Amino acid sequence: MGIIKTSKLIFDYIRKDEEENIEEIKRAIDGVSLDLEKGQFIAILGHNGSGKSTFAKQLNAILLPTEGTVWIQDLDTSREENLWEVRKKTGMVFQNPDNQIIGNIVEEDVGFGPENLGVPTEEIWKRVDESLKSVGMAAYRLKSPNRLSGGQKQRVAIAGVMAMRPQCIVLDEPTAMLDPNGRKEVVKTVHELNRKEGITVLLITHYMEEVTGADRVIVMDEGKVVMDGTPREIFSQVEKLKSYRLDVPQVTELAYELKQKGLDLPDGILTLDELMENLLPRFAERFPGEVILENGGSHGN
Amino acid sequence: MAIKAEHINYVYGKGTAFEQHALKDVNLEIEAGEFVGLIGHTGSGKSTLIQHLNGLLRATDGKLYYNGRNIYEEGYDMRALRSHVGLVFQYPEHQLFEIDVFTDVCFGPKNQGLNKEEAAKRAKEALTMVGLDESYYKRSPFELSGGQKRRVAIAGVLAMNPDVLILDEPTAGLDPKGRDEILDQIKRLHEERNMTIILVSHSMEDVARYVDRILVMNHGEKVFDDTPKEVFQHYKELEAMGLAAPEITYVVQTLKSHGVPIDTSITTIEEARDEIIRLLGK
Amino acid sequence: MLKDITLGQYYPVDSILHKLDPRTKLFGTMVFIISLFIANDIWAYVIATVFLASAIKLSNVPLKFMVRGLKAIVFLLLISVSFNLFLTPGTAVVSLGFLKITKEGMIVAGFMGIRLIYLVVGSSIMTLTTTPNQLTDGLEKSLDFLNRFHVPVHEVSMMMSIALRFIPILVEETDKIMKAQMARGADFETGNLIQKAKNMIPLLVPLFISAFRRATDLAMAMEARCYRGGEGRTKMKPLKYGNQDRVTYLVYVLYLAAIIGLRILRVQIF
């Protein structure tokens, strides 16, 4: 069994009027059973309102299942005695960078989690040092969070989570409010943590470019898991993704369009390099002597 | 021409330690009916620039004309200017405050001095333009979805019946479908109502797809002002400014660098597809 | 305009003052404020000036930065100085109709001005050299004894620290919403008082909604990071007095003794 497991998970948002009568029930998660493997980089895609953020909040026991169960390494999140252990094991990073930094100084914010856990002072300092280094923010440790860019703030938030030594980090649309550079910065940081520290990453997003490097991509729609596979498997189904209000990276879409026009290309091309590998030989054939196959200064995106 | 800026300079916090030269000698002409994209990384001065165009910020130096009149001349009616030049801020849904959608959209027209009936007529038109029907009129703006809130907020500016509409990242935080819906609606405003549009965006793909002309800001200066095709040829310079070109630009540039005789001014998927198919003779 | 307020702002440099225990600085500020009210002699002010000047020097914060903080109180300063200037009875020096400036008035106004300026500069030294978190830690620890009377000291200091973090964010947000409503033709300047108050609704409602949203988000983020009140919490920067603090307390004692001594020994000048 993996690090996170859910079984027939259902979650309803219940709205009550002033007299506590139920006014509206909205099913946000509808029977999700998933088993997520330790050490993987997993991306959850879905349009706004697909239930992906609600799902994320289940993993940290911020929300508890209406029906079904969530286990974090054998711990049932709905049992009260597991609450703090669960929150220690899965760290959460949220969407709005301003609304999750508590400290007035970067290093103090990173220390906030360990302080809550009752970690001894010396150990806190060690963890703060390591965490800030692991997200590349050591140089900013004495800065005020208000002076940082959006991407930097999110990296601080990630460091704050890392300092709690979690098994897994769940990032709930951490890039939605960032500019393209900030987005790249955050995604790169998370990939590094996954690779170097072996941390299990669950990245929730609607930006397709951010999931091409994932081990596994899960697509949610109307509270259900509708697609589940490797990025290549997912992105080879362009029409299906579009029906879920999603998109594919431009390179993938171009390859798909070319294929529609009769060009024989493999399914689910994800990167510029892959596209070139497949296109250049054809051009070399078409324009012999003019087109060179070996890298003439690739622009790598 | 609708807007003309001459040697606009803007210095924040003049004389303090935080002094910052946010705009440096910006010259600019925007014709009525144009669809212009404004790009630049965070802090490049693009937000400061658009706030000048409707008089929310006043240039420390330089002249700004709207329809031929200098807006800094004495007695110029700034509030009238703001109804001609509508500005939709980033995350505009944060400015909603009224009890229901309809009343909120009426706020602008009422401030313009229109009576109740006229304001209501404007609000109806504006809400129709953004694709919200009568079933939304009496709903609280706060119980709508993110995308719907955003559209209500845009309608709030449209209801003032502006000739120029400036939008600061209108798609921030929206999912791909929501993004396309908003951008398509903006395009329709441009085409059907001949509205002048200035679109601030971080997405080069969106800019390449929708606008006729791109302005690039960097460190408070206007560095490029040309068609998307021309501007994205300078993708290396754009990268040096912390920007990029659309992914498709990288596809055609890489092909070109390997000797493929491809037109490097291509910026959209459709163009690239057709050009590749043509070259491969299929 | 709001950016000019240096009171409550932290200035991140390294200095002896930055390294002192926040309690030492809190106490020092108190001592200094008390001393200003005891001082009634030119020599006492000279000592206070030396004390303040050394503190400024030791803080490594540029004097210019502190002086800018005074901008916020210029109005208050003008009022209290002119009150004293014109309303102190005594020998008239200048007469402007029914207003007259007296010799006594000039002295009192002068001391009043200095006192106010020193007060603001003195307390801003504390906030400039102490992070809001250290400050609240200092308060929390100093007021520890109140816990026995069931005062939630930790919670209150946590709230203060969070408020300090969000003030600049909300100021920025206010500016943004104001501009956004102005772009929709809102008018925040003209009209009578009631009109003006009514015109604030388009600003205040969004601001409150945003503040509540931020509060909810923040509460969730804190819970997600295992925050559960003060119990069982350790400190990253626990407060511990060092030698420099002991020396500083000695300086306070000497300083206060000098000021009090002067008051007892010398004749009053006003």
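Order of writing sets the labels: A, B and C. Residues in every chain begin at 1.
Note that a residue touches a chain if its C-beta (ideal position, glycine included) is under 8 Å from a C-beta of that chain, and two chains touch if they have at least 3 such contacts.
Predicted model, so just to flag it, every value in this text is computed and none were measured.
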Touching both chain A and chain B (chains): C
Pair joined by more contacting C-beta pairs (A-C or B-C): A-C
CA centroid of chain A to CA centroid of chain B, Å: 29
Averaged-CA centre spacing for the pair chain C and chain B, given as whole angstrom: 42
Contacting residues of chain C [partner chain B, same complex]: 3-4, 64-65, 68, 173, 176-177, 179-187, 201-202, 205-206, 209-210
Interfacial residue positions of chain B with respect to chain C in the complex: 13, 16-18, 51, 54, 56, 79, 82-83, 86-89, 92, 94-97, 107-108, 111-112, 142, 156-157, 160
Complex contact set, residues of chain A against chain C: 60, 62, 84, 87-88, 91-92, 94, 96, 98-105, 107-108, 111-121, 124-125, 128, 142-146, 160-161, 164
Interfacial residue positions of chain B with respect to chain A in the complex: 41-42, 145-147, 172-178, 202-203, 205, 242, 244, 246-248, 250-251, 253-255, 257-261, 269-270, 272-273, 276-277, 279-282
Of chain A, residues touching chain B in the complex: 47-49, 149-150, 176-177, 179-182, 206, 208, 245-247, 249-251, 253-254, 257-258, 261-263, 272, 275-276, 279-280, 282-283, 286-287, 290-293, 296-299, 301
